[in-house]
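Structure in structure tokens, see below.
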Amino acid sequence: MTYDIQVFVTLKEGVLDPQGNAVQTSLTRLGYDGVQNVRIGKKMDIRMESEPEKVESDVREMCEKLLANPVIEDYEYTIEEALSV
Amino acid sequence: MKFAVIVFPGSNCDKDMYYAVKNELGEEAEYVFHDETSLDRFDAVLLPGGFSYGDYLRSGAIAQFSPVMEAVKKAAAAGKPVLGVCNGFQVLLEAGLLPGAMRRNKGLKFICKPVTLRTEENATMFTSEYKQGEMITVPVAHGDGNYYCSDEDYRILKENGRIVFTYTDDLNGSKANIAGILNESGNVLGMMPHPERAVDTLLGSADGLPLFRSIVANWRETHAVHR
Amino acid sequence: MPYIDEITPKTIETDKLYLDMGVTEDEFSRIQTILNRLPNYTELGLFSVMWSEHCSYKHSKAVLKKFPVEGDRVLQGPGEGAGVIDIGDNQAAVFKMESHNHPSAIEPYEGAATGVGGILRDIFSMGARPVALLNSLRFGELTNPRVKYLFEGVVSGIAGYGNCVGVPTVGGEVQFDDCYEGNPLVNAMCVGLIDHSDLQQGIAKGTGNPVLYVGAGTGRDGIHGATFASEELSEQSESKRPSVQVGDPFTEKLLIEACLEAVRHPQLVGIQDMGAAGLTSSSAEMASKAGSGIHLNLDDVPQREEKMTPYEMMLSESQERMLLVIEQGSEKEFTDLFERWGLQAKVIGEVTDNQRMTLSFQGDTVADVPVDSLAEDAPVYHPDSVEPERFRAFQAAGQPNLTAEDPEEILLTLLQQPTIASKEWVYEQYDYMVQTNTVVQPGSDAAVLRMRGTDKALAMTTDANSRFLYLDPYTGGQMAVAEAARNLVCSGAEPLGVTDCLNYGSPENPEIYWELERSTDGLSEACRALNTPVVGGNVSLYNETAKGAVYPTPVVGMVGLIDKLDHITTQTVKNAGDAVYSLGKAGNDFAGSELQKVTEGRIYGPAPTFDLAAETERQTKVLTAIRKQTVQSAHDISEGGFAPALAEKLFSSGLGVDVTLTQSESLTASLFSETPSRYIITVREEDRERFEKLVPEAEMIGRVTETPQCMIRGNDGTPLINRSVQELENVWRGAIPCYLKSED
Amino acid sequence: MTYDIQVFVTLKEGVLDPQGNAVQTSLTRLGYDGVQNVRIGKKMDIRMESEPEKVESDVREMCEKLLANPVIEDYEYTIEEALSV
């Protein structure tokens, strides 16, 4: 089976986000003064061939090992069957 | 004494490290590529700076899975001195050999310049040739040098004298201005500043040389006893 | 999906589709004559890129012929990837400069980054290890938000690429002027080192020898077909097509190491990077130089996108790719070599003996054209040239008479002009130390790199004050070369050779073409006088927006040799008590000066009088004095004049200065005029006699002081400027960060 | 009103993604050989005070001006009323 996986990696709450802060400042400067908070994370789109019973554990493992650094980051994911291959 | 200089794809301070050991220190050095699996023939391991695997995803993230890293872990467990500089430090963090993680510099810009470091701890195998509290000038060159660790980890580092170097001001946002830390057993040092770039006054500073000399001196001492 | 061959040669002709590819009526009929038939779509694509200004220099060839290209030390002049100059001991310096202006205007980070990537490939394709990068940048005024965005993006793009590949970015220049607002200039220069025996050429000889494609896959990036072509080619909307390339410095780093290993392989025949016009120009030029032909099978080209057409593959400007010709039978050795570095290498064709470029795709021959017609036979144009009205007006205007009522205020203002202010904000983002050879770091007149294992060093700089070129292209052109040489001399180096990057507006405008002609006359003459042949360079035309063209900006990149490490000299004063000398008299030269810009808001008038013979003589004397070790510090006087130059000498030194102006005619000129060919030099007391013998023209004006105070007195001894060095340094260092932080 | 906005910025199709490629190679080497493609983009979480009739046009403008570079990047967003403020 082919899957379309989305992984979202974000900085843990409490870990300062210098990039997010910079974007927030810039947005405010551009006149969007309603902006209260910006946090920047990563979105990864992965297309993967796998078995239905294995795909989720594989994704979780990939996140733990490589895609996120558990010291500072959290992750979430969604798994869908690929529509067109 | 024989030093291994680890070369990952994308390492770019490997030669600088090699020359520092070979030419300025007068010890043996050899490049060891990322796909090698044994470091048994070496007395010490150096992980140089650069952009291993382009530093894509996170600095040092992909390099932690290089085959040679198993050998680095083994060398560390065996008590051999392991020094990670800049990207080498980031790899050690990602590989879990040192606690904490690196984020983008607070100012979001790469910073290259000589900085003043305070030697917080001279009772280590890497800093015994410095005076306690000695101020030294060593260059930094990094974009992701903003050191983070949990408050608990910080307390442990602090209480055990494992914070070896600090910046004298807030250079990049690092927790407590940390520039270099040791592992629990004291034989793995990770630091963002580049001692290998400070081994010749012609280039501005030779303040990094005592660090390498410390490694050699301590090694000589222990090995004299054992023989 | 419709293929290109659905656009028949006949359609191209009747619908004049060639015009959309930038091929003129004349050029189209010339192509028909060459082929003796109508070109098909792919063939027309080949001609359109190879005959483009960028590849063929059709509007600039005539002026480039004037440059002196020969000299005792020249091992390779213009024509290859980069120029090569002998530096003794069987070593050579390889260097080249190139522009990436237009991509940087659209996507500053990637535009600048890929500019660095491209210039690096020019150097290592010659077989040389890149040892240094420099960059010459021009932007609009820093008060404009878009300009700030471009400036920040360009600098971080240069940093992002150069730092990752591990080649130090050691110098350059940044200037700001309105004329660059919509059209910034981003010129990157690279310097490499090589042993003579390793020199390579981009050449495809030996019938039957395989053609090897190495590096990143080919994508649709950089195909400048925002024209009809691409629309007809796919159903996808044009907006999905990237018009700028994204760089991958990691792959480039692997390419550097792998190619430098490959060039030492005895069975390598030729190597060239795929730069502008990618596969087309590299293959055509390599075959043309060898007098051979070349056949490519496009089905074998590594592709990273699906369903690419021959046209797209041939015109793609995907980055980080190289083309090699190797001896038959060595295929496996080379593919293994590259695989060891994690790079793909694939045989995609062979050298033929028919002097034609033939392309096959899915079993058909999709192009068959004479190789020389692509690489050599592009038309050469001699556009009309007309002296602009403005030039006559500037000449007639005479030098403006400016008076600085409050010299201290003026000095503070000048030090904060972005063109004069510290460029630390820029170069702190560059790793200028990696490879641990950078002896003189950014911040002095020229960067200096030691050469490991020798007692020698290389000095390098880029320069061009385009304001003077705008006022008077001929004199300004001479001054640009002279300034570069002067910066090297101040560092203790003998200037050896030049690479240039000629940035102008549209050559089809006769006044712009006149600028190009006159300024290259000036450059050529100065290069002759200073014995610095031009060994390579690049032309970037059509740098203009609706608001007009950029100032004529021929950036001069120069490399010099320092015989002995002991001769390395910097601009900063060294010891309290040293004598301060000024060399060269200040005239009333205010036209084009920073003072004029600041006080009058615009520049006008004739360029300063410039005496090439005096310049040359003075350079020789200063260099001799440095080599005889009589000089502690040396700095040339450029933007802003004497007072800013003197202040710059004090920054970071912890010292001060107390000098008295001896000239009586105009204090303002003494302090702020930009008369060329001048220096400020400091000398130890015990060396004064020897120094004065070597440079009799130099005039002692005061001393370096222990107190960090900048004291400049009028000839009667009254203080004109008396400020703490710290205060001056603070405004100078803070200016650029301050512009970038401010909100408007 | 307070909104929680998510902006996703991804590289346009056809634009080289060196980071995605490197991660893909690394995942394959780690033994996940079913991985066929990886593209890496950004996820931005923005909390913003705005008017119901203005919020969407503001977000679109912010994306065009600052958060994405339309020359090489595409963007998408979701807008929700913030649950807890």
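A few notes on this one:
Here the chain labels run A, B, C and D in written order, and each chain numbers its own residues starting at 1.
Operating definition for what follows: contacts are C-beta pairs under 8 Å (C-beta built on N, C-alpha and C of every residue); 3 or more make two chains touch, one makes a residue touch a chain.
Just so we're on the same page, UniProt names per chain: B = Phosphoribosylformylglycinamidine synthase subunit PurQ.
What you see is a predicted model; the values in this text were computed from it and never measured.
Comparing chain pairs C-D and B-D, the larger number of C-beta contacts belongs to C-D. Inter-chain spacing, taken between the CA centroids of chain B and chain C, is 36 Å.
Work out the mean CA point of chain A and of chain C, and you get 40 Å between them.
Within chain C, residues 248, 250-251 each touch two or more of the remaining chains.
Looking at chain A, one finds that residues 65-67 touch two or more other chains. Of all residues in chain B, those touching 2 or more other chains are 53-54, 56-57, 62, 65, listed in ascending order.
In summary, the structure contains touching chain pairs A-B, A-D, B-C, B-D, C-D. On chain A, the positions that touch chain D within their shared complex are 2, 8, 10, 20, 23, 26-27, 30, 32, 34-50, 58, 62, 65-67.
Within the complex formed with chain B, the residues of chain C that make contact are 156, 159-160, 163-166, 248-251, 253-254, 341-342, 427-439, 441, 450, 452, 565. Chain A contributes residues 11, 15-16, 18-19, 22, 65-67, 69, 71-72 to its touches with chain B in the complex. Taken together, the chain B residues at the contact with chain C in this complex read 9-10, 12-13, 15-16, 19-20, 49-51, 53-56, 109-113, 139, 141, 143, 194, 196-197, 200, 202-204. Put simply, chain C touches chain D in their complex at residues 106-107, 110, 216, 219-221, 240-248, 250-251, 304-305, 318-319.
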